[in-house]
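In the two complexes below, subunit A is the common chain; its partner is subunit B in one and subunit C in the other.
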Partner chain A sequence: MNNIILEKIARLFLRVIAVMSVLLLLRGHNSPGGGFIAGIVLATGFIYYGIIFGSDRIQTIIYFNTRIWMGIGLGLVLIAAVMPVFAGHEPLTGLWYIGEWPLVGTMHLGTPLIFDTGIFIGVTGLILSIIITIMEVLKWNT
Partner chain B sequence: MDNILSLLIGLIFLAGMATPLLYRIWQKNTGLYLSVIPLIIFAVLIAELLQLAPRESSLLETSMGFLPGMEFAFRIDGLSLIFGLLISGIGVLILLHASYYMAKYDHQASFYTYLMFFMGAMIGMVFSDNLLVLFIFWEITSVASFFLIGFDHHAEKSRQAALQALLITGFGGLCLFFAVIITGNITGTYVISELLEQSIHLGNHPHYYLILTLTILAAITKSAQFPFHFWLPGAMQAPTPVSAYLHSATMVNAGIFLLMRIYPIMGGTMMWKYSLMLTGGITMFLGAFFSMGQRDFKRILAFTTISALGTMTLLVGIDTPDSLKAALIFFIVHGLYKGGLFMIAGIIDKSTGTRDIYDLHGLYKKMPLTTVVTLLALISMAGLPPMLGFLGKELIYEAKMQLPDVSWLLLPLGVGANIMMVAISITVFYELFIPDRKRKPIELKYKEKELPLRFTVGPILLAVVGLFLGLSPKFLETPVDNGLFFMGNQSAELSLSLWHGFNDVLILSIFTVLSGVLVFFIRRPVTRLIGKIITWLDRLHLPTLFTQLINKYVKSAAKNTNLLQHGYHRFYLLTFFLMVIALMGIQIFRITDIHLPELTPSPIKIHVALLLLVTACAVVFAVFAKSRLSAILTMGVVGYGIAMLYLYYGAVDLAITQFLAETVLMVLFVMVIYYLPEFAILSSKKSRLRDGIISIGVGVFITLIVLKAKFLNLETPVSEFFVANAYTEAHGRNIRNVILVDFRALDTMGELTVLTLAAAGVYSLFRFQIKILKKKKTGTDEPRQDDNKKMHV
Partner chain C sequence: MILFALLLIPFSFLMLSLLIKKAGIKQRLALLFATFNFLWALALVPAVKFREIIVVQMGSWSAPYGISLVADRFSVLMLVVAAFVFFLTTIYSTQSVDKARRKNGHFFFSFGILMGVNGSFMAGDLFNLYVWFEVMLMSSFILVSLGGERQQLEGSVKYLILNLISSLFFVAGIGLLYGKLGSLNLADLSLKMASASDNLALLNPALILIFVGFSIKGALFPFFFWLPASYHTPPPAVTALFAGLLTKVGIYSLIRFYTLFLYYDHGFWNPVVLWAGGLSMVIGVIAASSQYDFRKILSFHIISQVGYVVVALGFFTVAGLTAALFFLVHNMLAKTNAFLVAGWVHRERGTLNLKVLGDLFNKSPIWGILFFISAFSLAGLPPLSGFFGKYLVLKAGIEADQVFITLVALFVGFFTLFSMVKIWMEVFWKKAPENIAQLAPVELKPANWMLFSSVVMALAIVAMGLWAAPIVEYCQLAAEDLLTPSKYIDYVLGYH
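Entry: the complex of A and B
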């Protein structure tokens, strides 16, 4: 399928959606959004891209294998879970750093953000993994 | 000073984890450099030993731990010091020895990783002051030993032996876990020091027999006692340094340690005495007896280890102050000579290429140093003066003789076992070192002088320490006394010396030695006899029986699993929904006290009603749809409708998620729809009727229970807590997200793990299919270049 309009749109769409998903992730703690939603949003962007360009192209632009991305996500979650232990708290306790930042003003930074990022990456990875696998099967099954 | 120890134990694990990196830098010298850590621990422990007051224990508390209530606290008393010293001290020598012995093996880095983990776990276990922490370290030793025993994993035998060891010690570990939990529930604490201070004894508790059975099972599986002894000779498949470590100071002695540790809490009852005496006595004799029939040096040593462990179990079971003292001393004795002998086996194996003692002879001239060292170790094993072994054996005899009611049985068993020990010691020495004129001399691969010091220093040092302690056993008095005080809260008469005076114990010793020499002279018929007995007993070959048992277990497990996991998706759903109906039905009829509030019907919102109408229509249409595509699309309508409903009621996050999930699902469906078989109704009318009834039932029950739940306040809803604390505690205004990533983060973590597993499942299901399809299409293993690909895209 060679459709230049669709291809252009898909490229643009993916970029917009990527930015959008990060935005959703970051604002998730105070307004609707969060890692899970952001993850699905990003995955839909990739799916759209994949429908037009084929699953191989997704694989090339995400650089790592999807299973590695899932691992990174789980790893981040684990790090966020274990970090408080070293500060003498129970695992999964939120650690917060509240500070003044230039440009943005007061900002609350904490381990839940790492946790949420882990979920974001993990969810994106796992949806993509399933989709890519199915697309592969379909591709060779015709 | 004190906190150094807890840091060092952590350091062992860290070093273990870092070994793959360190190995790249240090290469062959990894073992050499790694041995510095146990050496420092050893030095610290020696310093602790010098400070040790006779009736005091010290406690190092740290704030770190696995979980709250499972903090790492290290208890230093005589018992843990004795074990800790041996573990770390022999650990140093083993690392040195291994750094040469293992030089030609593959995967050395992982070898050192396992060994360091094993060492750290052992040290952590003996010092831990918390039963749960002790259990966790106990399990780490089991797992680490699995990897160590199966280190030659390309050999079938190795893998089997490792698996067997893991299964048996793992079973024991589970028993220990239950015992620990029950003990904790009864006493209200898992902290050993508290248990000791409150002098709690579980003997009168109704669950005592259960706990004791579990604990003893744990100890005898780990310590390879009859009838679980068979995994230990199998574990000989491990590289020699590992065997040396496993047998001398660690692993198998962990069971003995456990018995000594919990002795004040549950020891000393009739059941304790008789079960331990029985299993210990049988093991002691069997081990010594079978050792005569072996040819492999390492196997001989393995059986003598079994015998020695039996002796220790027996001594703990005899339960007099003297016997406990003898057990502790004998642990030291055994650790010293067994570690040395195994390393000597390694040296001989390395220099001659065989471990069969009947193939070797006359090594005396070529390996004079080894000969002397072996002689010292064997003297200790045989229990002759002036080595520490003599002292140990004297104490054992004394302890056994003090027991009037069963000494008629134990004494002959013990003397018999010792006679065999003497005989096997002489046999080993004779076969290995005394030259035989009829055979041609053995050629050595490496000359003794060429062997590096780190390879040979282990047995030398151990033999020297054994000799030194034998000559001046006063050094042992403080730790042993301290250990005994905390074990029994009773003080034994403690004065250790080599010469006890001319008494019946000495006469017994002399008798033992003489008989041992006699057995040595008639060793050929004796070994033949024992060999015959072994072949006869091989019909009941325990390892094989065990493997059969495991296989049968796996088979029956598979059968039962197939019963439940039949692979029919519709029946899974059926089971699931029926269970849901049943559970909800129970709830609906159980909870009856509902106070209906005064109902004031709210005005009907026209848009909500419309939405519901559309959704309901879509559901009905989906059920009766004639094609698959329309069914799927209407299902999508249902999903979007629900999402809209969420939106109306302010659940924005839920709505977004629902929309997205629905979209992704749609895309997936549309993708595969071409490839699905033709839409057809295959099920009979009856089964469709059944399914319909069930699905209506589920719907009705869910509606009922939701309505009911609305008017039911069994507990204060947890949501109020979330609302109150979301911003103050968790710094977030989006309560749903705060719940997901903070309040209920563990759930989220679990969910992500499950989803990841599902994705991995999908991948592994299709991986081979993709491969096969590719092969079919392209005709080769490798997919051809782009021109071929374009066709399919």
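Entry: the complex of A and C
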């Protein structure tokens, strides 16, 4: 399928949605949003891209296999869960670093952000692995 | 952290097996993590002796609001035995499960089950119990259907649908209970129920829904249909794992639930539990005696054995609960080992139909003896663990003045013996039938690791019979803890 308008829109759409999902991820701690929903939003962008360009192109963009991405996501969750133990708290307790940064001013960084990023990557990887498998079974690309 | 590690170990394995591609390395990692999990669970035994009830509040949120992991003596007992069973079945499945299945995530999903089982044994609140049940259910569903044989898919559809119904009941009950009492923490709920003691009938709809959910999970009469319909379809190593872990989690939750909530309305619940247990006992054993498939007989026996535990719970004395715990442990070991032997028979002959099998004792006396040990332990012959299990149940029954149900239990014991003798005669003792075309003998690699895990399990069964006293003593302490829920409440809510 060669439709230049659709292809341009799909590329643009993926970028907009990627920025949007990161925004959702970052605002998630205190406002609606968070890792899970951000992951789903990012995955919809990829799915739209995949419907137009085929699943091989998704695979080239995300570089690693989706399995690896899920593993990385779980790894980040694991790190966020265990890190407080070494600081002498119960597991999963939030550790916060409050610092002054140029441009953005005061920013709270903590283990919940790592946890959410892990969820974000894991959920995106999971949905993409399902979609890519379905596309391969349906022979979407050919 | 000490409890959290038991969730962390399977979780790390899941993470690593996603990142690593090579099947050989994954298998070694699986063995390593299973060993580690077992050792960690063992380390909890002295810890619980010292601290009585270990409580960990996730994320430092205190008890009624946060998520608590709780392990008293009962939980630790179950964790240790489950870890032991898991360790041995993992070793066993390196040789028993075929290569394609091992490559496509057999270990991945069995660790998913381990994570669910560990989580539900430690869950301190009702909703997390539900979540861990789901983790377990999803992994076990994939394990049942992994491989995609026709028979497997048929079994897994029944398994999935009936278990989803059980989850539906369970979560609906949780919703109602939360609406009425406004809490999900087990200890907090129990406390609130104690103060609402004149309106307990209002809670019964919720409690009945949850009870039905647990009964389906634990395969009690009349909700056991999914078990014999699905357990004979996956590879034998998977069945052994399921037999050792899955139904027992349902029974664990039932015991926990009964000792924390249901006993407030003892007059209503005690007959329900006794009848459910008694009927499971009888119907399981009678249904088993009409089957002609090795694994189907054993599957029906799971129902009957679970009935013993529930009946012993229904006596609701220290002796009764001691018997229930001892019997649960015995059953996890003996049942798993019986399925392990079934796995060997399946590997040798490619079938588990009793009519076709025969003469296997001559082929390998060791496996014959291993089956003898586990089968006659299930039937309750004296030096083995089953004898003490049954003896304790019967003794507790007579002491609790439940003579009728005790006599039923005794009578069920004879039928169990009958079924076990039937398998023994048909599979190991009789001459191989001549008029049925035997499969050409296949050259198989020696099954050393399968033999190893079965031997260890059999030794554990014998040891549990010979050194029953310390285990009974431990079970008695656990039972005393279970019968004083105020202790549990104090520890979890931090009054202690």
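Here is the rule we use: the second predicted complex is superposed on the first by the 139 of 142 C-alpha atoms of A that agree within 3 Å, B and C clash if a C-alpha of one lies under 4 Å from a C-alpha of the other, contacts with A are read in each partner's own complex, and residues count from 1 in each chain.
Rule of thumb we're sticking to: a contact is a pair of C-beta atoms (placed from the backbone, for glycine too) under 8 Å apart; a residue touches a chain by one contact, two chains touch by 3 or more.
Note that this is a predicted model, so its numbers are computed, not measured.
Student: Can A:Glu7 be said to touch subunit B (first), subunit C (second), both, or neither?
Tutor: neither
Student: Which partner chains sit in contact with A:Arg67 here, subunit B, subunit C, both or neither? Use first/second/both/neither.
Tutor: A:Arg67 sits against subunit B and subunit C alike.
Student: Once the structures are superposed on A, label A:Ile134 by its partner contacts, choosing first (subunit B), second (subunit C), both or neither.
Tutor: first
Student: Output check: A:Gly75 vs subunit B and subunit C. Expected answer is one of first, second, both, neither. What do you get?
Tutor: A:Gly75: touches subunit C, not subunit B.
Student: Under the stated touch criterion, name the partner, subunit B or subunit C, that contacts more residues in subunit A.
Tutor: B
Student: Taking the stated contact definition, name every residue in subunit A that is touched by subunit B in one complex and by subunit C in the other, in rising order.
Tutor: Residues 67, 70, 74, 78, 81, 85, 90-92, 94 of subunit A touch both subunit B and subunit C.
Student: Spell out the part of subunit A that touches subunit C in their complex, as residue ranges.
Tutor: Listed in rising order, the residues are 67-68, 70-72, 74-75, 78, 81-82, 85, 89-94.
Student: Which positions of subunit C touch subunit A when the two form their complex?
Tutor: 1, 4, 8, 11-12, 14-16, 18-19, 56-60
Student: Which positions of subunit A touch subunit B when the two form their complex?
Tutor: My answer: residues 1, 28-37, 40-41, 43-44, 47, 51, 54, 56, 66-67, 70, 73-74, 77-78, 80-81, 85, 88, 90-92, 94, 96, 98, 108, 110, 112, 115-116, 118-119, 122-123, 125-127, 129-131, 133-142.
Student: Under the definition above, what is the set of subunit B residues touching subunit A in their complex?
Tutor: Residue list for subunit B touching subunit A: 63-64, 67-68, 652-653, 656-657, 660-661, 663-664, 667-668, 671-672, 675, 729-734, 736-738, 740-742, 745-746, 748-749, 752-753, 755-756, 758-760, 762-763, 766-767, 769-770, 773-774, 777, 789, 792-793.
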